[in-house]
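As structure tokens, here come the structures.
Same chain, two partners: subunit A is paired with subunit B first, then with subunit C.
Up next is the complex of A and B:
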């Protein structure tokens, strides 16, 4: 049994079918990179995985348990499957440590002190031990995104979903975030990451899925999918992002 | 000019002014509190809350304050729902505050970045937690100037409560004006009093606005448990 099982999944917004019969699975400790053109359904797929979007067809199982949408089940799901967004989405009125400590405190029901201990641990993991009291607007984009990663890690999830987390960053800040992701990967955290950083996907991901018009068009070991694309769609896509 | 009548009646005017402030503050605070509850309800239950709210808002905002007061106090009495003027007054001020502030808060809610709400959602915050930790401060920050202006309007509108015999500032003034035969002096005096009340509250709201919009790091109201 795989940690994530996506089984003939479909998702529509109104009449517009965005995910079409997608099946794939992710093993514990694996890093799956999802690549593809804008609009191909990558974000929607991720959002389905932590219940931000409800699926219309097929099934979704995390650790063997089907995803359902009552409040308690969603709460359980999101404790195991955390999400990081392209635009960081840090709470602007809270310091870095309060951003990270918030979910452990109000969802995990920890004491303030215990939640801050977790925040400090997680900020340490992303290399921001010196920024506990800094507010988001005083941090660079790369630092903000690392705080956002720490915030997602604070509930000790088994799976981390990352949606183009470096896409909004200035080029010189991309490296520090990718380094954190590389570290997490080597620690064995299961990750599904949507990215346009093809070189990083090739290096850090165990497998790569190429999405095209709502379907998984190619999937396989990173080296193969990126190094030896089979379909003209993927060849064109790779040519366009690498050029 | 003969302001002796005003001086003689000043205690009465000031007690009326105090009532004006009481009705305005109590009604506005209650209306604003209900408005916040409705915002939380909207977050939790969506259109099941927002639709009826919209109907209520349209009714209150598209009928005159004075007509509402007459309807509640005289009209409903005919149907057997009689209430004291005080109760009618509190209901009117609260309903008006609610209808206008919920619209202001709604526009403030629209201004809270969608991504912040999604971040809270992805961490399973409840509607109440979402309001308290994610939305309240950006929303208040954006809407305090409008909420301040709305308070002044509501406070000034309480002068219409004199029509249902609430002994607030305008009611006391019109009594004094007719008993003293000095309407000019009396109405100049209460205009000044209304102006002073408005200015005082506008100043207080400005301070509050600065506290909430100022440096997040320096003025952390949330950490001190105020918001």
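Up next is the complex of A and C:
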């Protein structure tokens, strides 16, 4: 049994079908990179995995359990499947440590002290031990995104979803975030990451899925998919992002 | 008999100002609770709650405050219940404040970007936790200038209480004017006291506008 099982999944917004019969699975400890043009359904697929979007057809199982959308099930799901967004989405009225400690305290029901210990541990993992009290507005984009990663890790999820987490960053700040992701990958955290950083995907991902018009068009080991694309769509896509 | 305007009159007017502040505080306290509930209900997934809250806001925004207070004071008293002027004004002003604050805060809640709501969802928060920890703290800050602007309106609005005989600042001025007939001095003083209450609020609002989130 795989940690994530996506089985003939479809998702529509009104009459517009965005995900078309997608099937794939992700093993525990695996890093799956999802690439593809804007509008091909990458974000939607990712958002289905933590229940931010409800699926319309097919099945979705996390650790063998079908994803359902009642309140309690969603809360459990989101403790296991955490997400990091392109625009960080930190809470601007809270310091870095409070941003990270909030979910352990509220969702994890820990005492304030214990939740802060977790926050300090997680901020350490992303290299921000000196920024406990900094507010998001005082941090660079790269630092904010690392706080956001720490916040997602703080509930000790089994799966981390990352949606173009370096796309909003100035080029010189991308590296520090990718380094954190590389570290998490080598620690064995299961990740599904949507990215335009092809070189990073090739290096850090175990497998790459190329999405095209709502379908998984090619999928396989990172080296093969990126190094030896089979379809003209993927060839054109790679040419356009690498050029 | 026309009397001199004396220090005693000043004290009487100042005492009236005290009741104005008390009335404002009461209306603000209950109005904030009502306003918060209305603001939250207006985002409710339940259409009935949403419409009910919206209607309440529109009614108390659309009907003059004095009419509401007269309805409570004379209307309920006519029904045989004894309502004091303070009670009638407190209820009327609280409803008035609740409606306006509810509308201000609803706007502020809706102004918080969708990504903030999603960030809270992704952390596993319930709808109430999302409001309590992620959305409301930001919305309340965002709404501060408008909220304080409304409190200034509320301070002035309490003068309506004079019309049911509650001796707040305005009524105290009328009483003193009735015996001294020195209208310019009396209402000049009343005006200055209203200003003295409201100016610090306006300055506070300016200061808060300059604080970034």
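Here is the rule we use: the second predicted complex is superposed on the first by the 243 of 243 C-alpha atoms of A that agree within 3 Å, B and C clash if a C-alpha of one lies under 4 Å from a C-alpha of the other, contacts with A are read in each partner's own complex, and residues count from 1 in each chain.
Everything below uses one rule, namely that contacts are C-beta pairs under 8 Å (C-beta built on N, C-alpha and C of every residue); 3 or more make two chains touch, one makes a residue touch a chain.
All values reported here derive from a predicted model rather than from experimental measurement.
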In the superposition on subunit A, see if there is space for subunit B and subunit C together, and answer fit or clash. clash
Using the touch definition from the top, say if A:217 reaches subunit B (first), subunit C (second), both or neither. neither
In the superposed arrangement, which partner chain does A:11 touch: subunit B (first), subunit C (second), both, or neither? neither
With both complexes superposed on chain A, which partner does A:42 reach: first (subunit B), second (subunit C), both or neither? neither
Where does A:52 make contact in the superposed view: on subunit B (first), on subunit C (second), on both, or on neither? both
Between subunit B (first) and subunit C (second), which does A:146 come into contact with in this model arrangement: first, second, both, or neither? neither
Applying the document's definition of touch, where does A:155 land relative to subunit B and subunit C: first, second, both, or neither? both
Regarding the shared-chain residue A:95, is it in contact with subunit B (first), subunit C (second), both, or neither? first
For subunit A, which residues belong to both interfaces, subunit B and subunit C? 50, 52, 74-75, 78-79, 82-83, 85, 87, 89-93, 102-103, 106-107, 137, 151, 155
Please output the residues of subunit A touching subunit B within their complex, sorted ascending. 50, 52, 74-75, 78-79, 82-83, 85, 87-95, 98, 102-103, 106-107, 133, 135, 137-138, 148, 151, 155
Complex contact set, residues of subunit B against subunit A: 113, 115-116, 118-119, 121-125, 129, 133-134, 137-138, 216-217, 220, 222-223
Residue set of subunit C touching subunit A in the complex reads 115-116, 118-119, 121-126, 129, 133-134, 137-138, 141, 212-213
Touch list for subunit A against partner subunit C, complex: 50, 52, 71, 74-79, 82-83, 85, 87, 89-93, 102-103, 106-107, 137, 151-152, 155
